[in-house]
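Here come two complexes built around chain A, the first alongside chain B, the second alongside chain C.
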Partner chain A sequence: MKAQGLVVYAVTRNHELTSGIPVRLITSGAIAAVVADADLEVLAKLDVEPIEEGPLAALVREHDAVVRAVAEHEPVLPLRFGSVVREDDDVVRLLDSGRDEMARRLDEVEHHSEWGVRVEHVAPVSAAPTEGLSGTEYLLRRKRELGDAERERRVRQDAVGDLHASLGRHAKAVTTGQRRPQALLDAAYLVPHRNRAAFEAELARLRTPLERLGATVHATGPWPPYSFARIELAVSS
Partner chain B sequence: MDQRSSSLADVLERVLDKGVVIVGDIAVNIVDVELLTLRLRLFVASAQTAKEMGMDWWTGDPFFAPRAAAVAELARSNAELRTQIAALEQALGVQAVTREGLL
Partner chain C sequence: MTGPDTASLADLLDRVVDKGAAITGDVVISLAGIDLIRLDLRLLLIGIEDAVP
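And now, the complex of A and B:
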């Protein structure tokens, strides 16, 4: 017999799904989980490399597509990719365990989208030749180069601070992380739909000076509120 | 704002680390699902995406690699010398044959 399981994509409100995606709802009171039946063996045997056009990439994109499709009509709390349970009853228990918190969080993210902004700077390599320099000359030049770099770093830091503060004014909530060593900013903004135009205009206005300072600004969005759905559901069967 | 479809790295970053998490034994305990997540993490960190993800930061940092430009120059002059040596060897070879011919 095939080992069947349920992939859980998201938690949303208990309303009928209007999109044509091949998923179903398991409900508990006012909230519902968006699930799809899955053959666990297929999931378990996916030992291909996660390359751009491979099966894993397809699954990851499918997860995002399902969450987005639901988010078009209802507020949504995405589950982490790869959330799998055994049967419908497990999903009900899951919903029951955090019903109030999830209902509250759904209210918070309703009519909001997430935007990601990452600012990075890679210091350029000194291009000046070192031939013919004495040790002292070389060290003096290194000192000067490092001093210049430090001044430029402070200017960039100020510009990043401006950007973050200004974007934050258009957002309901902000999270920041810094998992990459050269990231000057790695933030997610929960932006009300009505502020979208203002947020984008602010981003377009403030990214230019940063790019002129040699930084790269990587902006993505709109996303479903992935970064604003950090809830742990602990359930034992 | 960039409205093209998101890059795989961008999507991975969102769907792997974030969102509602199920803990406890209700989550299907398939090691391979964990492995799958692990693989995806490795993919994010792989050399292919390392640059985009900013994990090769040390290569361009002037403090850690102040001589990166000098190293490139060294490689260039090495190649140039090799070409010159090859040309000289060839010239010498011709000369040797010529000398043999003279003997």
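And now, the complex of A and C:
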């Protein structure tokens, strides 16, 4: 017999699940977990390599698709990919243990989506030839280049600060991380649906000056609120 | 007006694998592969960014 487990995709409100997605609900009072039976063999054999068309990528996309399908109708707290438990009773205990907090958090994210914005800058290598320059000339030029770079860095920093503050005004919550070394900003915004147009307009307006300063602005969304569901659900058997 | 950029696999992994609510405790089935992915995500993200523009 195959080793079976239960993949938990998200916590949501207790509701009628839309047909068409291959998952079921385990409920506890007003809240519910979205789960699917899974073959543990498949999950255990996943390769670490995140190849675009590989099995890991496919499963991660599927996880996101399930979360999004539920989020179309009800607020969701997405669970991290790879949240697997043994049986239904484990999920019931999980829901029972944090029911009030989860219900409160569902209220918070209802009618909101997450947007991600990352700003990066990679310093260009000086292109001017150094041949034929005297030592003094070289040092003077180098000093000028460094001064220019420092001025540009400050201007960029201000523009990033401006972007972040302006986007934050359209958001209910904001989180920032610094996971990539060259990132000037790596932020997530929890944006009310009614603010979406204003948020996008602000983003379009403020990314242009940054791009003119040589930075790249990478914006993605709308996402289910992955970055705003960072809770730990401690469950013991 | 420009819309959002296309989400890459790196963006997806960044959110789906690393963020979101986590279950802890002895009911969790630990899957070595997924634990490794999470552990290496920082390196992976930088790696894929280079490999997949």
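Some notes on this structure:
The criterion applied here is as follows: the second predicted complex is superposed on the first by the 233 of 237 C-alpha atoms of A that agree within 3 Å, B and C clash if a C-alpha of one lies under 4 Å from a C-alpha of the other, contacts with A are read in each partner's own complex, and residues count from 1 in each chain.
As a working rule, a contact is a pair of C-beta atoms (placed from the backbone, for glycine too) under 8 Å apart; a residue touches a chain by one contact, two chains touch by 3 or more.
Source: prediction; values computed, not measured.
Of the two partner chains placed around the shared chain by superposition, neither chain B nor chain C is touched by A:155. By the document's definition of touching, of the two partners only chain B reaches A:123; chain C does not. By the document's definition of touching, both partners, chain B and chain C, reach A:43. When the shared chain is aligned, chain B and chain C each come close enough to touch A:200. Looking at the shared chain after the overlay, A:219 reaches both chain B and chain C.
Applying the stated contact rule after C-alpha superposition, one finds that A:233 touches each of chain B and chain C. When both complexes are overlaid on chain A, the residue A:81 reaches chain B and chain C alike.
Shared contact residues on chain A (touching chain B in one structure, chain C in the other): 5, 8, 11, 40, 43-47, 50, 52, 56-57, 60-61, 63-64, 77-86, 90, 93-94, 116, 180-181, 200, 204, 219-221, 223, 226-227, 229-237. Partner chain A is touched in their complex by these residues of chain C: 1-7, 9-29, 31-38, 40, 42, 44-46, 48-49, 52. Residues of chain B that touch chain A in their complex: 1-2, 6, 8, 10-28, 30, 32-34, 36-37, 39-40, 43, 53-55, 57, 60-63, 65-70, 73.
Looking at the complex, you find that chain A touches chain B at residues 5, 8, 10-11, 40, 43-47, 49-52, 56-57, 60-61, 63-64, 77-86, 90, 93-94, 102, 116, 120, 122-130, 142, 145-146, 149, 180-183, 200, 203-204, 219-221, 223, 226-227, 229-237.
Touching chain C in their complex are the following residues of chain A: 5, 8, 11, 40, 43-48, 50, 52, 56-57, 60-61, 63-64, 77-86, 90, 93-94, 114-116, 179-181, 200-201, 204, 207, 218-223, 226-227, 229-237.
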